[in-house]
Amino acid sequence: MSLFWSISLLFDIALVAGLIALALHVVVTRDGRGAILAFIAFGLLLGIGWARLASVDVALTEAAIGGGLTGMLLLRAHAHLARHAAPPPPVAPEPRRWLVPAIACGLVTLALTAVVLAFPQPAPSLAHQAVASLETTGLGNPVTAVLLAYRAIDTLLEKIVLILALVGVWSLSRDAAWGGASQLQPAVVPEPLVFLARVLPPFGVLIAVYEVWVGADLPGGTFQAGTILAAMALLVMLAGLRPAPPTQARALRVMLAGGPALFVLVGFLGVAVAQGFLSYPEAIAKPLIVGIEAALTLSIAGTLALLVAGPPDRAPEP
Amino acid sequence: MGLADAFTLVCAVAGAILFLAGTLGLLRFPDTLSRLHALSKADSLGLGLIVLGLLPQQASLMGGVKLICIWLLAQLSAATASQLIAGIAARRKPQA
Amino acid sequence: MTPTYAATSGGLLLVLAVMLPAAAALAMLVLGPRHTRRVALIALALGLVVALATGLQLVRSGTALIYVIGNWQPPLGIALRADGLSVMMLAVTAVVMAATGLFARELFGLDLATSDGRLATSFWILLMGLWSGLNLVFVSQDLFNLYVALELLTFAAVPLVCLDGRGETMAAALRYLMFALLGSMFYLLGAGLLYGAYGTLDIRLIASAGQHGPAMAIALALMIPGLLAKAALFPLHLWLPPAHAGAPAAASAVLSALVIKAPVFLILRLVVDIAPPGAAAVAGQVLAVLGAASILFCSVMALRQERLKLMIAYSTVAQIGYLFIVFPLAGVGDGTAPWGTIAWTGGALQLTSHALAKAAMFMAAGIVAEAIGHDRIRDLGGFGRVLPLTATTFGLAGLSLMGIPPSGGFIAKCLLLTAAAIGGHLWLALTILAGGLLAGGYVFRVMDRALATPAQPLLLRKPIPLRLELIPLVLAVLAVGLGFLPLAPFGLLQIGRPDIALVSP
Amino acid sequence: MSAMALTSASLFGLCGAALVGIGLFCIVSHPDLLRRIIGFNILGAGIFLVFGAVARRGAAMELGGDPVPQAMVITGIVVAFAATALAIALLRRLASLTGSATFEAPAAPPRSEP
């Protein structure tokens, strides 16, 4: 037992050291692209960290979003800035410039360390209550129950946040391009990418459906599935197999708003037939929740993919 | 420790060593193509060994199928990524 | 086990206040640009009715409204609760939102070609997002739910700043986004520490916990500065003037009048409702010093601005300062009930009258820029002759900012001054007086231009319809009218305070 | 097992504290705005790890951790991604319009005329 103990502790220490080293590398390196690559590696490593913390739901989300989609956003932004902006002036590394911030940030870390080490023992936890109430929701995965039942309003409003972010990104287009589509396809599409974009999406869709389905009882769910679908959509658009949809298309907008709209409707249905807003009738709680998750998955997939695609830059066809 | 556990241990350790070798190659080899070669060879073989080693540990058939799917998908993405990187390296070479 | 919260009748109104604008935003997305404005105006009308009904319900029952979402009791679930102060905020928000909506309809209507274009359509959707977030900030009892509310505000407010699509406003919006995100992250970090220490994020449950460890102090030390960055209190105000001055007039009105009040409201809840007395007293002192510095420094900055909108934006930072000197004046943290003091009433009145006056002022500035084509104060000589109603609006709103009788701002500052004199806070009394003088300086500078006789008469670039000028005028008259109001309605502020459950757990 | 979970939770909590400091330093001191945006993501990762430590400490009822903070982290990761996307869209537009990707460039005072 003690051998297993020390090996797993050693593994955790190595993981933490790797995370901190990568983060430091991001801060100190002069190479902008190197910093982004280090950050992507950081995201993947962090995914493993979440698995070590026994939060498989979070691990899936972090690996997909933190390592994948964010990395793609950053790399595209880096390429754009290299074309359109003057390189930032090199800053002389005078201690005057970084000493005070470094000390301040160090103090924040110290204070946090003190709090983390002084957390009460035994730790307070809502695990008991979350499990005890699972029966009413018909779910088996307590994280999904928190997201879609106990704290459903957080999830619902967070969907609105995503939509607002997308509206905000769209509002950054030129007036002429507003309502049009964004251009994702590079001038020359490498052949292997086209191959991948033909082969991978069916598997991606299958995995996404599977994630939504098992998410009710096992780790997985609407966020993870939505991210996978978004990645598939981006792959297809990058390879030029399908152009990005114009943002004024009605079908696209219905898909984006559909998930949260259904969520709101079911929420108010609860006022009439259950115990209030966002309360589900016990008999049909599980099918309702899985239905909302399915609609949300499509909305999330669309929103995330379009957030990566950025503001439209081609004028809409009349 | 049963036979299955021993098999797992041997395969996983061998896989991990291959990963280590691949990483060393990535760090030490001089040019993009040979780095790529080391990395993709070692990684696909390493992952294959680890998946193979984990197969006897699965309680259900479904678990085994999932593991093999993971290996296949990783193969697919690794192969594509290698091709893409090699393509870029080939295009850059003449200019350098 | 008795439930933490007992839902009251009318609690569903709080859900409506949050969800109605959110649903409207979704409807706008689906229906497309052509119907956006109509959906917005319907939502504004309904939202006004909801706010009115909430107020009536509160007065009739005399207790705070409570709703438990999905009937999941905290700590597992989330409760909404609106006491007198929250309901006042809901009402002010609804009034300013409705006025902004009408103003924007007229302003965007000036140019039919763009009235369903990028700027107008994005504006309406983002406005609804703002409203939903604001209402949630005023009614939520859960610290993480409040984080989501703050993010709703951030994501709706930042794109509003750069709707005109120029480089300078992009920089202003990006800077705003960075300050706002940093603020949210500090807030979230504090919330995480509190969850680790108390196993809940419900405000009532945390407040009724018996013992407080280091987590509480550190969490407050992270959350309050984070919120200060969002509230733009000196010295974290640098992002505000370019952002608020760069936004379209209708957007500046909501940003200045309402959006920065949300973090102020949250700070108030943290200090008054959660912090243990000792920490609350320290926090109150620090906040008052920063508030006083804000009043003095940013009033001087406002005096030195050459552009009207920048001047108004600096004035916002200065006026926000008054809200922070309320903490020691109301005796927060010394064991008494702050909501019974005259300083508390004065603070609430300052909040209301500033919201109305500042919205009116930004709209007036928007009309000036639209009609004359620029807002350089030096070259505005005689604008009072061509835009008499707008100049009147500016003057009336200015009365309230300066604190000259009769106006809401006068009563507010008078109450604060009295509280400072009674409590022996000489330096705060002097700050209030100096702030009033400085405000007089920057308002008169503009009024002097309005009434001046220019060498050559100002020409209007385009005709301004009467209705457009009337909307800010009504707001300014309301701000002044608050001064005639008997203070009785402010007894409303004491409804639901103290939270009874806290006194007898 | 529980003692091990506790040690591991504290370890990742401390890692979170360190990442918060590093991310914060990147945000306040780095002149390159893209790097600052990465700094926000590192800061966010640190905050989420503090939540993760809190969740892991709350392991009970055969669950590996308290599901409530875990769910909050999932919400938080998605919001952080949306923030990154908005920030990058703003930065790209800023670069297209002004040819600069920093605040340090002498910015002309904003004018209100359209």
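Note that the chains are named A, B, C and D in the order they appear, and that numbering of residues resets to 1 at the start of each chain.
Here is the rule we use: contacts are C-beta pairs under 8 Å (C-beta built on N, C-alpha and C of every residue); 3 or more make two chains touch, one makes a residue touch a chain.
What you are looking at is a predicted structure, and each value in this text was computed from that prediction instead of being measured.
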**Message:** Between C-D and A-D, which chain pair shares more contacting C-beta pairs?
**Reply:** A-D
**Prompt:** If you average the CA atoms of chain B and of chain D, how far apart do the two points sit, in angstrom?
**Reply:** 31
**Asked** How many angstrom lie between the CA centroids of chain B and chain C, rounded to a whole number?
**Response** 56
**Prompt:** Between chain C and chain D, what's the gap in Å when you average each chain's C-alpha atoms?
**Reply:** 27
**Asked** Can you give the whole-Å distance between the Cα centres of chain A and chain D?
**Response** 12
**Item:** Residue list for chain C, restricted to those that touch at least two other chains
**Value:** 76, 144, 148, 151, 155, 158-159, 162, 165, 170, 189, 193, 196, 199
**Asked** So which bits of chain A are touching at least two other chains?
**Response** 108, 112, 116, 119, 123-126, 130, 150-151, 154, 158, 161, 165, 168-169, 172
**Complete:** Among all residues of chain B, those touching at least two other chains are none
**Pairwise chain contacts under the document criterion** = A-B, A-C, A-D, C-D
**Asked** Which of the residues in chain A come into contact with chain D in the complex?
**Response** 5, 8-9, 12-13, 16, 19-20, 23-24, 26-27, 32, 35-36, 39, 42-43, 46, 49-50, 52-58, 61-62, 65-66, 69-70, 73-74, 77-78, 80-81, 84-86, 88-89, 91, 97-98, 101-102, 104-106, 108-109, 112-113, 116-117, 119, 123-128, 130-131, 142-143, 145-147, 150-151, 154-155, 158, 161-162, 165, 168-169, 172, 223, 300, 304, 307-308, 310-311
**Prompt:** Which residues, counting only chain D, touch chain A once they are in their complex?
**Reply:** 4-5, 7-26, 28-32, 34-35, 37-39, 41-42, 45, 48-50, 52-61, 63-68, 70-75, 77-79, 81-86, 88-93, 95-96, 99-102, 104
**Message:** Please output the residues of chain D touching chain C within their complex, sorted ascending.
**Reply:** 20, 27, 33, 36, 40, 43-44, 47, 50-51, 53-54, 57-58, 68-69, 72, 75-76, 79, 82-83, 86-87, 90-91, 93-94, 97-98, 103, 107-114
**Fill in**
Within the complex, chain A is touched by chain B residues 73, 76-77, 79-80, 83-84, 87
**Message:** Quick check: in the complex, which residue numbers of chain C touch chain A?
**Reply:** 7, 12, 15, 18-19, 22-23, 25-27, 29-30, 32-33, 67-72, 75-78, 114, 117-119, 122, 125-126, 129, 132, 136, 144-145, 148-149, 151-152, 155-156, 158-159, 162-163, 165, 170, 189, 193, 196-200, 213-215, 218-219, 221-222
